[in-house]
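Two complexes, one shared chain (chain A), two partners (chain B, chain C).
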Partner chain A sequence: MLKIIDQPRYVCALGAMQTVQGIHRGVPVLHAGPCCAQKLAEGIAGNNGNSGYISPHIYPCTNISEKETIFGGEGRLKETIENALKVLDGDLFVVLSGCTVEIVGDDIAQVVSEFSDSGKPIIYVETAGFKGNNLEGHQWVVNAIIEQYLAKQPPKDKIKGLVNIWGPVPSYDPFWVGNVRELEALVASLGLTPNSIFGEYRGIDNIDKVPQAEFNLLVSPWLGLDTVKLLETTFGTPYLHCPTIPIGAFESTHFLQTVGAFAGISSAKIKTITQAKEKEYYYYIERNSDVFLENRSMSRRFSTVSNAADALSIAKFLVNDFGLFPARQYITDATPEPYRDAIRQYFKEFQYGIEADVLFSTDGYLIHEDIKKTDYFGSPLLVGSIFEKKLAEKLSGNFLAVSVPIKERLILDSSYVGYRGGLKLLEDIYGYVLRKFN
Partner chain B sequence: MVVNLKSHQNENRESRLGSITGYSGTLRDLSAQSGCGGPANRERCFSQASLCNAACALGLTSFIVDAVIVQHSPSGCAVTAMSVSNSTDQLAATIKLDNSRSAYVCTDMNESDTVFGATENLGQVIRETYQRYQPKAIFIGASCVSGVIGEDLESIARELHDELGIPIAPIHCEGFRTKIWASGFDAAFHAILTHIVKKPEKKTNVVNVINFFGGARKEITEIFSHFGIEPIFVITNTTVDQLARMSESIATLSTCGTLGTYLGNGLEEAYGVPYVRSLQPHGIAGIESWLGELGKVIGKEKEVAAFLAGEKEKYLPQINEIKKKLKGLKAVVGMGPGFGFNTIRSLQELGVEIVYSAAWHFDKEYDDKKAPNAFQYLVENSPNNYPMAVSDLQNYELINILNTIRPDIFFARHPGSAVWAMKLGIPAICLYDEYAVFGYKGLLNFAHSIHDVVTNRSFTNNLSKRVDLPYSDWWLNHKADHFLKKEAHHA
Partner chain C sequence: MVAKKVTQIAIYGKGGIGKSTTTSNLTAALSLAGYKVMQFGCDPKSDSTNTLRGGTYIPTVLDSLRESTLIKPEEVIYTGFNGVYCVEAGGPAPGVGCAGRGIITAVELLKKGRIYEELDLDFVIYDVLGDVVCGGFAMPIREGIAEHVFTVSSADFMAVYAANNLFKGIQKYSNTGGALLGGVIANSINAPYSKDIIDDFVKQTETQVIEYIPRSVTVTQSELQGKTTLEAAPNSEQAKVYKRLAEKIANHTESKTPKPLDVKELRDWAAKWGDNLLALERGEIRSEAAGI
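Then we have the complex of A and B:
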């Protein structure tokens, strides 16, 4: 069978270096080729937060050359770790290996184990590019933190109301910083205490609190299930799985009801909270309803071309909140086979018995051919990555890039999560619609 | 033989040109050591992520508007396709080129491919991509994995060339092959010289301008019209057919010595297209040399002299005026050698003192066996013998130096480097646009940029006050060349 990636929308497992960078004062140490860091970061982080306290251009890296492909690179790795610990001021060092050294057969675990007394947490993850993609890599990194670091700490008591939040993938989700913040805000609005390990100034302190949570909250259709199950077996922490990232009033209210019920909060209290938020949300919707209802360019039918998480959450918003109708939805993140049926089912659970067909493919060319053949009974709205821009123009449709590669937009703290996130998504969609004659 | 076009692949710069990535000393010491066998390269026992030849080779090639890149690699290497996505469209749109026949796809090598090989899938991907896009040429991008497991890209290329009837050119840019990413330019140009460029059928009045993205297309086209010649900006934003006819051009010029050496010398050697040896067109001496030497090659000295005199009259008084405001400024420059040496010369023309420079690699000679003109010019003309290092983007060395020297301004050109000076409170300019200091007007603009950046320090100061450096005090208190190994290996 032909194996091809046309229009790549994800990278290899080593792309999980961005997961380490997403942890404040986390330091990826790469045992890999000289350009892996720079290229992967430019491709997935791009314009949207490629630098920080540490940046891909300064990651310690063994910069594997021909010599190491012949003689092995264990010595090189050893001196690189040794000096990285001296030169860089970090809280968690994560050694990530690339393709060449894993083919050559370097014993990375052995080299890293020699630094167990270094005074700084140092773990390793084998992230050779040929072993998986950056989503799997992300999960391997988080799981390695649990297994190689947290599981070795002395047990601590649970903290009432503390909730670990898992879901957004640093950099791969261009809105991850804002999305983490908004998920925290939603959880906090219920009177719970959110705990996320990613984002500004969280870092090792929040990692240390992970075993103390009352429960783990996974907001993602499939990625992270391994992690919350691992946390359940390691620390006995139960988990709640919310497949849909809540966008807009409908899903946000549903989200607060689900999380609140799981946390044992009374439905009366939850209702008070959601009613206030919905009222505010619909103040803005009401004020702008003429724009939504009276224009010549907006689409009625849409397709998402994105990873499972974004495709699902945006589709849910556009259907359940905003009244659009779904055409086929395209999932491009190479979702592992065992999760696909469940995801197909999620797309059958819209309001009013509305269902959407789902196509899983990593071949952007085929996806585009399929979209071209589809009758949207009007101009389509395509929500995907920059690859859909020219296609939308060709089809006289509307377009919004929300997933990598995203290009042509700068994302600082924006988020599509929560009640405000729904409003932001409408702003961005209509930012395109209103460029045309109306 | 200058450039060996009989071989399947270019030699890397380390062995072909004696280029190095590790050195610490001074400008004139480096020159003195560049005799037989030298300068010696010094390895590092600590390094930070650098760049690779594949990024250079395939990044550049992906901008050819009717060619396809098939990268034989795991998914991560093809991230370059994500990086150049949209950018290729934006650039093509600037001159209304149709780039619908271009694409960048990947064979997505997995674990079993690393054991059993995957040339069969590579062949299928090439066929499929040909069907999809009908390109005029297909480049096969090598990767570390394809190299380590020994995939035979040449055989598959020959086989598919016969089958599809278009050039199928492997680019040997395995990341581990060289520490000098500029070797990737050579790899791309080697593939183009051996598979794309055709024997000349006629001579034209076109000059090949080797550059990155043609930012001064309008200006140069206008300038060249005074001399009765036309530029073609290669190799980005061109068609395969235009590249095939580079052999018919009257001369080749380059905006960057590092970039241009392999293609310029290769075209001269194989097809007799003169490669103009000059400074690059930065600032006054640069443009005088660049156009002056071109004028000699094409027999238009008088026209060139008249044009340059007009430029001088128009801009020199203004340059002299702004120069007064830059007096006393001290600068550090951290760039690749091609742009670095030319930028330093331009800064010296503005009276800015260079207190330190880092070159991301150093070629003691180019493919014509001559030292780079821009380097030689500095050795002969620099008012001071400033300290310099050769380092492949080693940020920890640079931060150490900047923290010690505390210059008034830092100049960069590579991704992710400018901000680190700013974190120390040192204003920085990233000269991303290769034509930012082009000729007299470019120098005038550049002078004003420097003035503006050192005068309004708000962004730099606001940032530096609020961020922490990730480097330990231990490191900042050591010498910058602490991790350069003492024993020097001759290249």
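Then we have the complex of A and C:
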């Protein structure tokens, strides 16, 4: 049956171009039609991080036309790669294919293989829109780096205490830069050495270190599981899966305990670290508790309308740390079916036996209709994307945009991860509550 | 002055069934009957019009597209036997690109150029390759291109299967102003049962046989000379058959939506004919006379 998606909250697999852009000096080379990159970038990043050393405005692109569609575009791709290598000073070139060239059957692998002696790593990923969305595309890009680049490097020794961090998706997670940094800081606080391939000045050097890690740390409910499993089979690196991105004291302490235990760090040492962080955290909460407790313009019930990672982590924070009660939670990232039961289970594991009902849906209209029918026992809190703004206003509710499309916020390095991230999230939620009241 | 209406006809059928041979002879016969005719080969092999031009290949529409999106008529339209206009859509090399999209582009380019009107044509005959495997090869039967479709089929099951598939394509586009089916050109009809099989198929699918064309060595001899039968053996019996076909098509006005068989119906129909042919070999009498 034909279905129109109201309020798209993700884009097609070619959107994984921004995963490549998220790698410092990574260059996406697009084998696609004109304007694909511009539209996808607008759909994902919007205002945030849409320019830089390499940006969607200057991605090398074959801009295929009718001529390449009929006769095949392999020659045009070859020419584009040749010229990209000449004029762009990059460290990793990733060829990404769009719909049309996949339909007409261009052999991208063959074209890319002709550049194996170019002196620069160059790989390819088939990211036709009909094959999947940008989250799947993100995973394909990371896996292609492992299979086509890292697996072909000479074996290296493991480095004690080195931990690869996987989870935040560049651009699709508007806070990804800050989130990666905060996850690194948490891991580093345990005395481990974090290694992330995304963000400023990490790039190819950190990619090269990936096989040397003592273990891989995945901080995401489902996205990235394929990657850490691939790293396990390719390099024999074990992995730790933490489904919840830690926000606030409760989850951050739990996170440090889990990672520390996996790394063989003594519980006494972990406790010393977490106690110091909690002490600082609760100082800020305590001195503002009147705002939270005496406030009459926000009920205690909330819904998240977001991808699985944000919905889970924000719900965990608002329930376990902050004492709110979850109404239905809406997951909009087209989570693949095999992961859904596990995610439903995560939403049944709040403190005090509290459980949240979860609805997986990509249809914003249906989600909004469902929210309208829900009794939040007062002014609800909706945490989602810009699409929920007007709905929140209509319901006299409170609102915070945290996931794409976000549009109304400029995000430089801020993050909701970790102890400080919890404080930041409260600042943003109650900033709206106080603005509305005053 | 009201411009003359160009009658556009598409000829389909399974690969190797004799489409280009039939189409070229039809084109030649229409031309000899005094009509201004263009044959438009819609096959990347680009050999539809060979026998109209002494066995030679011509540059294609898509060859021109490689250089420019503006088509110069003199680069793609060539005259052949008795002044017929020959055009080949062309297409990518085997294994690359999208031939279907090529057909769409080539047909659109000529249509946009209003070339048919400028040449004051009576007929444009599209000779389209094999099965309707994707939307590109259905282009000639979409709205605003051909009005009538004829399918060339022998009595072989795979040819009938391809014809039935084509009927499905016609049925699909029939609601949106696409071309309708004029009938089946029954080719290579020599054995008596061949005619019976085709007759039964058109009856089941509610269409008609427009002409029966016997298999003939004259056709082979003509093609080996790089010529149509109309050119190489104009007074032969086979030439008369093609002239009869041309006359019927020239006078054809009303096409219909066929009723293609579904997969099971087609299989059952083929199985029934399998039994009949076996019985025929054994000398059993299974006709209406069996009851006498």
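Everything below uses one rule, namely that the second predicted complex is superposed on the first by the 435 of 438 C-alpha atoms of A that agree within 3 Å, B and C clash if a C-alpha of one lies under 4 Å from a C-alpha of the other, contacts with A are read in each partner's own complex, and residues count from 1 in each chain.
Note that in this section a contact is a pair of C-beta atoms (placed from the backbone, for glycine too) under 8 Å apart; a residue touches a chain by one contact, two chains touch by 3 or more.
The structure presented is a predicted model; accordingly, all values stated were derived computationally and were not measured.
For the composite obtained by superposing both complexes on chain A, the positions of chain B and chain C are free of clash and fit together. Comparing chain B with chain C, the partner in contact with more residues of chain A is B.
In the superposed model, A:Ile54 makes contact with chain B only, not with chain C. Of the two partner chains placed by superposition, only chain C is touched by A:Phe71; chain B is not.
Contact with chain B, but none with chain C, is seen for A:Asn133 once the two complexes are overlaid on the shared chain. When the two structures are aligned on the shared chain, A:Gly105 is found in touch with chain C, with no touch to chain B.
In the superposed model, A:Lys86 lies in contact with chain B only, and not with chain C.
Rounded in steps of 10, the angle chain B-chain A-chain C defined by Cα centres in the superposition reads 60°. When the two complexes are overlaid on their common chain A, residue A:Gln275 makes contact with neither chain B nor chain C. The superposed three-chain arrangement places the nearest Cα atoms of chain B and chain C 5 Å from each other. Comparing the two complexes, residues 66, 68-69, 103-104 of chain A contact chain B in one case and chain C in the other.
Within the complex formed with chain A, the chain C residues making contact are 62, 65-66, 69, 91-93, 95-99, 101-102, 105.
The touching residues of chain B, counted against chain A in their complex, run 45-52, 54-55, 73-83, 85-87, 89, 103, 105-111, 113-114, 118, 121, 124-125, 128-129, 132, 143-145, 147-149, 175-179, 181, 392-393, 395-396, 415-417, 419-420, 467-472, 474-475, 483. Across the complex, chain B is touched by residues 2-15, 25, 27, 30, 33-40, 42-44, 46, 50-51, 53-66, 68-69, 79-80, 83-84, 86-90, 98-100, 103-104, 128-131, 133-134, 362, 365, 386-387, 389-390, 404-405, 407-408 of chain A.
Of all residues in chain A, only 66-74, 103-106 touch chain C in the complex they form.
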